[in-house]
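So the structure is just underneath, and the comments pick up after that.
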């Protein structure tokens, strides 16, 4: 099988472009999809994003997290540089941890209409506690809806050891 | 989606308040709920709490634990600073390990009426043994009750390695 | 909820007692139960016991293990100091690894009549091999019997890495 | 049971051959099968391949990954040196991460007609994000097709910790 | 319960015997069974064997592996020193990785007629790749046959990180 | 010895103040010193700062680092909340990694006139490489100047393992 | 050599005493020395104390640390249970991290007049930063004074990785 | 202190340039220096390079290594993107491990005329062995020459654990 | 060089002897030396002994430790099986941690008259504290005496992380 | 600098040769040197050898170790495939751990006449103890002789944690 060519690379505006602009406010429009070349098959794509940072909506102090995004694409996959810029756009955005992961998932559902998706944020501690919200989604009326319920029911039964160091 | 505003931040009395009072006795009333903005969706919130300490009810010696709390909210989520103060209030409270985790879960059920919740305590050793109690709960008469049973049945089948060092 | 008081602490003879006697032979009678204050709920109690030692029945050489005991109590929980003394009583007892874990479980079933219990021993190597026996039990004729079968069927599918160092 | 002899070793052209040629372009034809001596039994063979490297189709910069391949053979198993040379042939090949793992799986399906197979790539980060695609396959119309669906539904519920260091 | 006595120790010829002979060729006959004292109960026995070494059938170069053996005994358990000598007997035996684990399992089935057994080999890399074969078995016509199928279907969904260092 | 009282706590404007302002540009003036109560003794204070982020001066993309600051105080120690705000002020500041650590050290020398100080930044990778600059300083004309030279000469002889994952 | 007898055990009031009182304020008087039986030799004794907790002198919030104490005894060693009670007495004591470690060292110098001593505290983070103070001491006018200077000069050149999780 | 401006950024041709060309042969000319803004101070810059790959000069098979480069700059520091491209240029270059690290160091000495530099390569195993060459250099006739000798004499006294997995 | 023969193996009474007696009291006489075949060279032999256990002299409760013994032999090395039996003989011996390590070193000095020796015990916690005593020795009037002083002065400057789990 | 060519590759008989013979007895003659192209510089070459196995000279049981070899070459470096075959030749050789590492070092000194060399063996446990011998050497009458003494004096002051698992 040949690799991606001009056609399957599509109209990417960001990858390999040196005039990248880093946005100073929450910007879901920066996200760009590309064609999924394997839509005849269910498979997972996971993004590990250890460089996420946002602000506390009440105190303005910075929050830090690793975000894990995992999905089964349908017709589209997300271009990774656009995802990077999108996550960057939370840098000066104020929101609770629980809200951030729900917002990220909602934006990716809107962009990709995926079969299945989940987003897990693991934040650094504030006041001795850390918060790790997790949400997921399966396309309503399909088997992926049951998949989402199944994965939620079995979520995180082995919490990682956390000692704040 | 915009971040939390004044309305959705609600009447928080503790977050960002510099007159925080640390209580010297077990105080479930310090817990404060805030609105869940995503109640149309099942999702998990986990708290990692490595700074829990209480007293032995018989000898008075201090006990130390990491407490992991994980829940699916219904209408309310718990504000994290109030949870921190609540856990602090066990500092001079005497109780067995098994009782502490059950009490924490009971108090959060009363506050939040969550769809599902679980609490796992991992204590430091006394006399060469350490104790790790785990309890969970699903709202009676809902699918979350089955979820609780399912998660209990599959609980901790890979115990972490413990060597007391 | 108030912590344990005199009544719920019961007639403990060992905890906080300075005249502890360490027994020089296998002594199941040293085990002491206390009341389970949460018998309306299924929950797990786990003991991590990295200081277990017994003797080889054939050669007399000492064996070392970490014992993990996990159970769902019914009316009684085991008092932890009595468990410590019980495990100590294997110090001069000769038995195979496979027999030790079965014996420990049998003694705790007799003491507590638990809903569910499991015992896992992880021994240090002899002759380049190490042995990790695991047994479990659910009260016959209850759902916990199925639970035991389920957990055995899914036991230890990710063996920890062992390199004898 | 005796070890492999001349007959069961077959017509291997690569193993133990000093005239190995490392190919400079994507070359699925280099793959060689050998007989599965245990086809009466379902069992797994896993390859850990931490030395995979390809090129970005847009920028030409090198990508690095660990590829995990796991399968249940039917009549054939893949000879490991031929697999090594096949993976080497991606060295100057430009393709997206998502496409590489799908291509590897397609080529092995064509070679081996396995009962079940899965391929997981874990790539190093670009722009602060790393991507881990995973695909699997079960022979259509057999129980292995259900197996593939089951494993996809339960895939990677405990993402490894990634901190880009 | 008393420990093993002369009767339950049986006719062991190897344990505690100083005239141990290390065999220079593959020798399944060295394996010795002893009575299972707990055959009324299903339980697991696992052996961790990090000191396994055999030879490549084609090139003669040495291979190294950690072998994990896990089984539910029926009437017999395997005496550990005899298992050690059996595994030693592969030291000068030439066979592929896939064949070694199948052979080990076949020999233990013949010796013990166990209810369930599985063997997992994790080999060091050759040519930058490492191979980890896994096989299992449940007594035909019993629930353990389903157990084997269940465990195979869920095998190794979280491959350990391998970086060849 | 009694703890800090009003006098030794001094005129701290930030610690316990709820009106904290997070600054949007590089702001060394936010740093605040407090009295060192143990200036008769040489001792070390180390800050672990895993939440440092700045911008690339050329491309504007965000950089992430853990900064380790270690010093021997003379008359003053740095108040930790003011240090936190100072480090926050790099959030929208563009500079090379090598320049950031030198700037942080220069600002703390100016504030504290310490006997000895060192700053080590460990950044996440860009383009597959990561950069870890380290600088140190001893008060000129004192034994601490030799100390700085000694520590530089012996710096980082055991680089941590980095695999970009 | 015989073990400790009544004479060399001395007048210990705490070890094995069931009437242990846990003190509610900073109490250096609880410390008890016992005779060093090996004063003809320089040797080290280290205490690992992961259960240290104190309060912030300004905000009252609890702080947590692991304290490492290491010393070369002269005529006396510290009895470990008295050290435990002494460290417990910081539980309701308000002081900065830098002050706590200096105070602990001062109290042990006063009790033991050791040849050499050092105290290292590693605290959990507040506001995203953690602080690890370290102080040491050698008896003035002896070679241990140079030892203290030498160890300070070479202190902590490989900071442990800290990521606040 | 202000961040880098146009002047101190200099004439960089690669950083932020989208027309990056990845070279297909060993190319030391691609390296670019930039001004060291802190040449009045000795400090270290370290590069962690886990994505190095070259070819075996005899067999043509690919080799993989993590390269650690650490130096004290004099007038110049190396621009990191040019270093990345330089290391990439070994991708199709055949040389022994021992030669690669010496060549890299020679090229950087020629480019930067640094006060001190060291290069450590940690390669993946071939034939069960892995090789980790280390070389260093101090400017002749300066104290850095002694520094190089000192660091060589104390090199790697705690070899990392390597088990080829 | 040929391996050990009958002569250089000497009169070992324990190695390979099946009539091993495990002693029930402290027994330094069980130690056996063998000839050092390399006495023309200084070299180190280290024993890792993670299965050490003794009793508390006051309460009788068991203590557990890993003992590390490291020495430069002169004319004799210690036979390892005799060392194992010697360490076993502490099993029912009551002594403080500080005394155990000094006793072990004294007995080995008496047996071997080594050029240099050191003993480090790392014990499991009691009451939340663990104790790690370390002693060493160099033959008086030789350079090894300075070596002992040098190693004590630089002992354990990077305490291992201990969290009692 | 060009890579190795025919001349600098020399008369290697083993590398890339498919007719490799694995020897069945201790064979120092299999070692082959090649020219050191950087003899104008002191640098280190380290071999990590986790696949070493020999036999116990008394009982015949197999021993396993990781061997670390590190040296500063003079005129010659050792060809790695010949080193692999040399280490293989201990496979059926009986010798004590202490003797093996001294023999390996003696053979490499004879082959290479290196400026400096050291050999460290880390063996798996027998009878609950493991042994790690270490020897080193510097060319007599040169500064490397002092280097050897210096490195021995500072050897292994931080023993790795060993728990026999």
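Each chain carries a letter (A, B, C, D, E, F, G, H, I and J) given by its place in the written order, and its residues are counted from 1.
Just so it is clear, a residue touches a chain if its C-beta (ideal position, glycine included) is under 8 Å from a C-beta of that chain, and two chains touch if they have at least 3 such contacts.
Small disclaimer: the values here were computed from a predicted structure and weren't measured.
Undergrad: List the interface residue numbers of chain A and of chain B, divide the shared ones by all numbers used, and answer same when the ratio is over half, different when under half.
TA: Different: fewer than half of the residue numbers at the chain A-chain B interface appear in both copies.
Undergrad: Based on mean C-alpha positions, I'd like to know which chain lies farthest from chain C.
TA: It is H whose centre lies farthest from that of chain C.
Undergrad: Need the CA-centroid distance for the pair chain E / chain G, whole Å please.
TA: 49
Undergrad: Measuring centre to centre with CA averages, how many angstrom lie between chain E and chain I?
TA: Each chain's C-alpha centroid was found; their separation is 35 Å.
Undergrad: CA centre of chain C versus CA centre of chain H: separation in Å?
TA: About 55 Å separates the centre of chain C from that of chain H.
Undergrad: Would you give the residues of chain H that are in contact with at least 2 other chains, written as numbers and ranges?
TA: Touching at least two other chains: 16, 18, 50-51, 59, 61-62, 64, 124-125, 127-128, 130, 154-156, 158, 160, 162-165.
Undergrad: Which stretch or stretches of chain J touch chain E in the complex?
TA: 18, 20-22, 48, 50-51, 53, 55, 59-62, 64, 88, 91, 124, 165
Undergrad: Can you list the residues on chain F that touch chain D in the complex?
TA: So the residues of chain F touching chain D come out as 61-62, 64, 122, 124-125, 127-128, 130, 160, 162-165.
Undergrad: Under the stated contact criterion, what part of chain H meets chain J in this complex?
TA: 26, 57-59, 93-96, 98-99, 101-103, 106, 125-137, 149, 152-159, 161-164
Undergrad: So in the complex, the part of chain I that touches chain J is made up of which residues?
TA: On the chain I side, the touching residues are 1, 3-5, 9, 12, 15-16, 36-38, 41-51, 66, 68, 70, 72, 77, 80-81, 83-84, 87, 120, 147, 150-151, 154-156, 158, 160.
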